[in-house]
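Okay, so subunit A shows up in both of these, paired with subunit B first and subunit C after.
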Partner chain A sequence: MMKSRTDEEEFWHSTKCKPFTFDDDDDGFSKLKESKQAVNNIRPLVDEEEDEDDVEKVSWSGEPVGSISWSVRETAASSQRTDRESTFPKTSTDPPTRSLSGYSLSSLFKGKTKGGNFQAFTDSLSDSSVRLYAPELRKPKSDYKDAVSDLSPEETVQRMLQGKVVSLEKFRSLQDKMCLLDVSVSAHDGNVITAVLIYLKRTLSKDVLFRELESRQTALRHFIHYLTETRDQRLLLELLRALGRTEDMALLQYKEHLRIADENKRRDFLKSCLSLPFSAEDSGHVQDHYTLLERQIIIEATDRQAERGGKVEIFQKFPRRASILNMPLVTTLYYCCFYHYTESEGTYSSPLNIRQTFKISKKQYFVTALAARAKLKAWSDVDALFTSRNWLGFTRKKSPLSFQRVVDILQKNSAPTQVLQEYVALVDDSDLRISLAQKLKCHDIVINMYRDLKDRQLLLGYLKKMERGSVEERKINELLNNSQIRWKN
Partner chain B sequence: MAHSARKDSPELPDFSMLKRLAKDQLIYLLEQLPGKKDLFIEADLMSPLDRIANVSTLRQHEVDKLYKVEYKPVISNSDQLCFLIRPRIQTVKWICDVVNADKAAGKARSYKIIFTSQKFYACDAVLEEQGIFGDVTTDEWPFYLLPLDEDIISLELPEFFRDNFLAGDQRWVRTASNALHLLHSLYGPFSKVYGIGRCSKMVYESWRQIKEGEQKTDKVDIGKVFLIDRDVDYVTPLCSQVVYEGLVDDIFRIKCGCVELGPDVTSSDKSIKVMLNSQDKVFNEIRNEHFSNVFGFLSQKARNLQTAYDKRRGMDIQQMKTFVSEELKGLKQEHRLLSLHIGASESIMKKKTKQDFQELLKTEHSLLEGFEIRECISFIEEHINRQISMIESLRLLCLLSITENGLLPKDYRSLKAQYLKSYGINHLLTFANLRQLGLLVEQQPGETLTAMESKVGKLVNDKTAGKLTDAFSSLAKKSNFRALSRKLNLVPKSDEEYDLRVPRDMAYIFSGAYVPLSCKLIEQVLERDGWTGLEEVTRLLNAHEFAGPGSNGADLAAKNDAQRTILVMFLGGCTYSEISALRFLGRERGFKFIVVTTAITNSSRLIEALLDNHV
Partner chain C sequence: MAAHLSYGKVNLNILREAARKELREFLDKCAGSKAIVWDEYLTGPFGLIAQYSLLKEHEVEKMFTLKSGRLPSADVKNIIFFVRPRLELMDIIAENVFRCDKAHSSRDFHILFVPRRSILCEQRLRDHSAVLQMKHLLYECYLENDQTSLYHTAKGLMTLQALYGTIPQIYGKGECARHVANMMLRMKREFAGTQNQILPVFDTLLLLDRNVDLLTPLATQLTYEGLIDEIYGITNGYVKLPPEKFAQKKQGEASKDLPTEPKKLQLNSAEELYAEIRDKNFNAVGAALSKKAKIISAAFEERHNAKTVGEIKQFVSQLPHMQAARSSLANHTSIAELIKDITTSEAFFDNLTVEQEFMTGVETDKVNTYIEDSIAQKDPLIKILRLVCMQSVCNNGLKQKVLDYYKREILQTYGYEHILTLNNLEKAGLLKPQTSSRNNYPTIRKTLKLWMEDANEQNPNDISYVYSGYAPLSIRLTQVLARPGWRSIEEVLKMLPGPHFEERQQLPAGLHKKRQQGENRTTLVFFLGGVTYAEIAALRFLSQMEDSGMEYIIATTKLINGTTWIKSLMDRPESQTP
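Here is the complex of A and B:
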């Protein structure tokens, strides 16, 4: 194996192997392209010899017709038809059989199938692989009769662990109840713990139950989870209050806003959350949430009208794709930088106002505004973002973001080369600058850097990549013929 | 490309029996409801079910129509409805609604709920409350284990992670121990069980209870077991995966051993579903490879294939006949596989190049090394500011927090505020979850105690130091990653060259930058046959380690193959990278690892399980 690996190394790239990088287009990627091409070349040959029937046989052919997921999809598609047929309930002539006792047939032998006996499996496997596994249908009556008789907490829990139906009614004194709870906790089965808790919830007053749970963390967590799952919000809040977990209480109430679809109701609800006992930090965030939604509602109403009116150019040119309601703050800022960039600080939708109200950091504001203006190809706005004037009146480009990132953002918004060039030139690190310049075809930068390095060889190499008759080609040739330059090679 | 394995590695046991067993049990249950019936299947049970049965199996047992549980009113004319569900309160409530709606409409039908893998008492309580207890029959389908491949078995319980670690609900402990028991009965008896973590310990204890009074089987397939909680090691699943199988999972999401590849990969107009397992010859050779080696391999394969096809030229009729009957089919299949994996690699490459993967990896490696943390923070900050993937930002924040034992209060506040601004203020709830789990926390003022603690530890005897630590650790679960990393040598020195084509240790799965903690623990414990000598490590991990006998009947001294077949059970999920690392370890040491996991996880699934920004 090792040998063939070296062979292939030689075959695929005779150059010395370089460390692999994920953004190295030249190396792995092109290798991949070659192999893809090789495989694609074979394709016609294969296709002509393809016979339909063995398609399903190959292991990776995914979901064959007849798989369950496939069939469910089929049912879904056809169910629309069946819908209409079934408006009238069909009265069944023979009533379905149903076990009327609380115990279904299966629950009678449950104790046997659970956990305990895998002997049956091994049996069924050893004698014949097709035989169905069937647990004993009936156990002696004595196994069930004691469901209501006197069982110790341990025995009770033991039975519950086996999935048997047990009555808990005999645990009446608080001491018995707590003993049962503690035994269930020590058995490490959440199912049983919850079962006991359901019983306790029914037979103990809240105050007593809460008090007892406070010192029983495992049981408490089960109870909280149970209340969460059954959506017993009121009791859960009471519990948290009793435990003095006010912050959790506040968060839980705040979470309710997610269920409110109507934006005005949601805003009002958030307003009512402001007085909840959040931590100092979170309380500021919730305040922001309320303010933001309030503002989004106003902006949304105004802009929707403006868009419908058809008088505002920007909405005609770039119709809004979605409503701004319930979007994150940064998205809202982006939106405002896109549609309301020039507004004075006094309006709700002015980016500057938003920046101020929500104390958005300089960097965050910068990144967002840059992306929005670049998207609109408003290059002069982009330019203005960087320009700062010093006291002598000279302008200088400054950025809270590395220029490499800036280039990245601009490039992703398909900025033209002239624009990119300006910012690539500002990248500090010269290696990075040249690789960016090459990647983004900012030829001038590359050429000038090679010239400054007095590196004739690199320049010659770069010349080959230029188009015939292009400005760049001419420029390089001029440089190469320039006798003033003292090339180092 | 498969590394030469030691010749004496044991064979893997045959796990197809588990599928057959589950299928037979299901059939048995379906027959409990004779006659035609419509079957409603919980959405996340469909793929697992697909792996063990198909529609005709169900049809044979009089299942008429199949539906997915969608919490909508039921449209069905059948007078028998059967529901195959997980024991979830929400689903049971929906069934109650269905039954009550029928009652109101005067429609009489019979209903059966099959819970898998078990019914919870809380479900019964719902049936009772909704007044339909007795109107429905219930059953349990003990479908615990789904073999995803010859060495991977899944419980297909992704909710195990959140329920157990975030909510602190132990409902699945029993399920895990039943699963272990099933494996023990069929492939044991186990001679030794090691483990670490609170949940692991509970599973072990509850399994010991179940197995009392069992019989001994003569043939032993699995000798040793290692149980590990996911919260012992959060660092590993939070790292970007760079081994092929893990990368495919990170990008395309492998579901139940199957991946759906879109038109961009198949270079056609439709997407296809592909099973990824050892049956796929091409995949089998690259799945454990670092992604950088994959191209070379695929290129080589493509060339070989070309040569094989080229043989046709100049063949006479007879030769051609032999070629077609003997070789062609294999070649065609290989061709199909090859173009598929080339397509996938290409698509991975494109996506990764676009998102500055290289820089992301650099940041991760710096965090693991504890190097240039300020730069890492500003990288993460920029990530957040630019609203790049919400999950990715959170993942990096968590990685920062665990490796640094929490964030400085100033950083925590600022990063959290920026995060909320970028991705929505309702993520307040997500942050509360992450704090509760200890994944993303502020450093406590008392944190400086760690330094003091170690000084004190040197002065007083170990026992007192241990107590001291307990007192500290009870305040908040600290990750102690740096100390662990030093102690176990998890981060190799960065100045050394690491040849990814010839991996020298498990670190290769993270480009040589980090040996996964989880796998390192397994290696160490197996080497020492216990935790002796690892006291400092277990102390840093908040203890809960154990090592005990498996079955009394099992011969401990037996030096047979079974003792080198080791079952590793991950409670709360494991990643494909970890599986690759264990396969590597197995090849080096002559072990065979069988991974049993509650679900396959990766960084996105882990984080998504903790999000709370939706209803």
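Here is the complex of A and C:
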């Protein structure tokens, strides 16, 4: 929701009403007096009692808690309402110690139809705290006789702290404005600082404002915060650039990609990010991000077609659950190990190509390929992953991750016992091996280990767990009857 | 109802009353019938100060939660929105108002902003400590750098002083603490004319910046309450639990359908049993529960001994209390079972082992295999970030090579857009490359005795029991301040980030406390940027230690745990929040 100032101004100009009807203790408007009179005249006709207060004066404000309340009145097109619109909170009815911070927003709703200029309206609401201190929006200058125009910066800030309305317009020269800013910063209240900054943003050229902020870190931080909150991306980027905070700027720009739904547009946007001044490290990551999405778009298009064509077996057997677009790299690798495992290294979707391009660590590649092939129950592929030949030509199984983890992955993909058995046997630690074997019912391993331990008791105990007439039962019985073994118990 | 607030040295009901009064005044200003539209986030804190009955007395007829679209119909004169001052909520309100039935043209709309400076105290208020509502303080101060929340904290503390008297001594550590103290002193100067005539309740205020102790929230809390929060999350004193273990089984009746709605339970010290076990190490909870079970069954057995009418009457009069105790016991037994299933799991044990290795300084400068494996298994990103950050904090930054490796694995597995999150973590100082070759964490650990071998979980004699060995740094600082004083740890204080300081506030003559022999001193500990349940437990433990001579009251901007904390530092991709 990028807010453009012109929209906003248009709204304020096009609506005849004054956006805010509030005032200080002392009102100096001639119009106001008129409407007040009008209200006073009408009042006896409508209602004998002075119960109008609730409209504007909802105030749960100030000391010692200090919360701000607003009162919004829905407007009907009655003459009474129109009049009331111009009434002002009467400070006299409020305890003097309380700050007055209730305002009637009735004018905002006047003549509005559903949906019409909604954008501007929400902006105006969300900017509410701002307008409190931005009187130039309310009245043409000529109308405005500022009763408190001679306040010093200190007094002005003091009044703002109390939630009172003040005019900032009298701070015209750059020096005055900066003085006001410095005083507000030393008061520490973020609301006041922000209000002053908004005034400065409106009345100073960007270059001057940026230059002045550079030497005022606290104010600068608040300004960045304000721009972030209001999503004034453009100005924020300019500011960061002017400050030489190029990495922050680059990241902020990059972040925008999250808002682009269309994958082609997103890819193009990421491409445009490549030239941004990231740190060397981030620059590599962003490059990878772009390359990944570019590939995903190609793979997605090809595979969708293949799936629809109905000729490629794997897509028929295992229909794709979701599109691969915008998935993380490892997920993409998994996908390619699943659907494109055997492709030659030249294609975009080849797992080996992906591994190369993105410099995926050996371990990460291994885990991913293992999980994908196990899911397909392609046990020969699984087996091949581990096989390495030494210089004598013997094969033996090697793994970059512990065999315990391998078993874990295989078991999660419901590998059959014969397969599991092979890898459980490779677990180094014998205690771990036996407990895994027991858990996964790899009976052969357990039986052989007990035999090697010459532990007759354990073997007898294990026999009870075997099914009647099973191969394992027979095997244990044979062992127990074997007179060659010297049992230790 | 809230009697448990009046116990102890500081009567927190005063604070509650002040807030209630203010709410009543506000409601009375909107004459006529009312409907309240709630920002859901606020219902909890408001519930602490006002029950529905109070609202009803003030003509509140309906309550809705704030949702976009059309408001439910209600025949009332006033519609009041209770919201936090957040931009996105304003959009919703605008929509509500626009789409409102034009038939109710005489209707008034009000918006009440409950800002962070609210004295509506969150849940801890009940439990002997006050939370000034402030979310994401760390995020704001260290990432977005808006110090408004600090201002509100200072304001809140001024309010507190207005109610409980000027606090004569202020200590602090950390950048934010310094700021808050400065603001407080300034505000005091501005009100120089009016002297606070209330006898001070607090002797000392300690301001602690979360930034000073980044380690503690990353560790898994091991107290009963801490674990409930880690696993299920406590919000405003309520927890939602999986319902299975709470199913009521009637005798002889096969449990037909299991409840599917989560079981919602309120947790606070008004419940006798909970007060007893909340701060215990989880390993000591089982024994406490079974002891309680014996007492309760013995009490029920008493009925056999009741012979005379008088005795029976006596027994019956105690029944309601006993029933309540029994259902409380049943609930906590179920919760303890749920938690035990998790704490006895291999995954929990492995994770804890790695945490403890880091905290004791074992191999913190290498890539950790467990973290590597967890990434490969696509464990939740927050878990990974918690561990990596912990390793970084315990090693005073990671070697560039190690850091790069972790980052790469994280981005490849969870998505490149997390560059933004990693960047935030670096800005907050949770993740960083090692700049100097000297790792000062071991010195800090030894000097402050952050790791205690064989911590006693059953009958603790040191605060380290709350993390089964690790003594939270923040609470050690608090403990040392009381005795023997910070001067003894100058060196370590210099190693921790931010300035440390001491300020004194003059009391008007006649308000100086005349301390009775053996009377405890009271310290208000304010955590800027959040505190964990385990830290609170540790402080309460210090309060209860016989020879400590100090009572602690806890205030904070937010209750956190590692998960919620890291979440608040993550970059929330806007594509996911329409």
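Throughout what follows, the second predicted complex is superposed on the first by the 337 of 489 C-alpha atoms of A that agree within 3 Å, B and C clash if a C-alpha of one lies under 4 Å from a C-alpha of the other, contacts with A are read in each partner's own complex, and residues count from 1 in each chain.
Methods note: a residue touches a chain if its C-beta (ideal position, glycine included) is under 8 Å from a C-beta of that chain, and two chains touch if they have at least 3 such contacts.
Here the structure is a predicted model, which is why all the values come from computation and not from measurement.
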Partner chain(s) touched by A:452 [first = subunit B, second = subunit C, both, neither]: neither
Touching partner for A:255 - first (subunit B), second (subunit C), both, neither: both
First, second, both or neither for A:155, with subunit B first and subunit C second: neither
Of subunit C and subunit B, partner touching more subunit A residues: B
Which of subunit B and subunit C A:363 touches, first, second, both or neither: both
Touched partner set for A:207, first subunit B, second subunit C, both or neither: neither
Touching partner for A:345 - first (subunit B), second (subunit C), both, neither: neither
First, second, both or neither for A:163, with subunit B first and subunit C second: first
Interface residues of subunit A shared between complexes with subunit B and subunit C: 54, 58-60, 66-72, 76, 114-115, 118, 121-122, 125, 129, 188-191, 218, 221-222, 224-225, 228-230, 251, 254-255, 257-259, 281-282, 285-286, 288-289, 292, 327-330, 358, 360-361, 363-364, 367-368, 401, 405
Residues of subunit A defined as touching subunit C within the complex: 51, 53-55, 57-60, 64-74, 76, 78, 109, 112, 114-115, 118, 121-122, 125-126, 128-129, 188-191, 218, 221-222, 224-225, 228-230, 251, 254-255, 257-259, 261, 281-282, 285-286, 288-289, 292, 326-330, 358, 360-361, 363-364, 367-368, 401, 405
Contact set on subunit C toward subunit A in their complex: 18-19, 22-23, 25-26, 29-32, 78, 85, 87, 90-91, 93-95, 97-100, 102, 104-115, 117-119, 140, 144-151, 154-155, 158-159, 162, 179, 182-183, 186, 372-373, 376, 378, 404-405, 407-409, 411-417, 419-420, 423, 571, 573-575
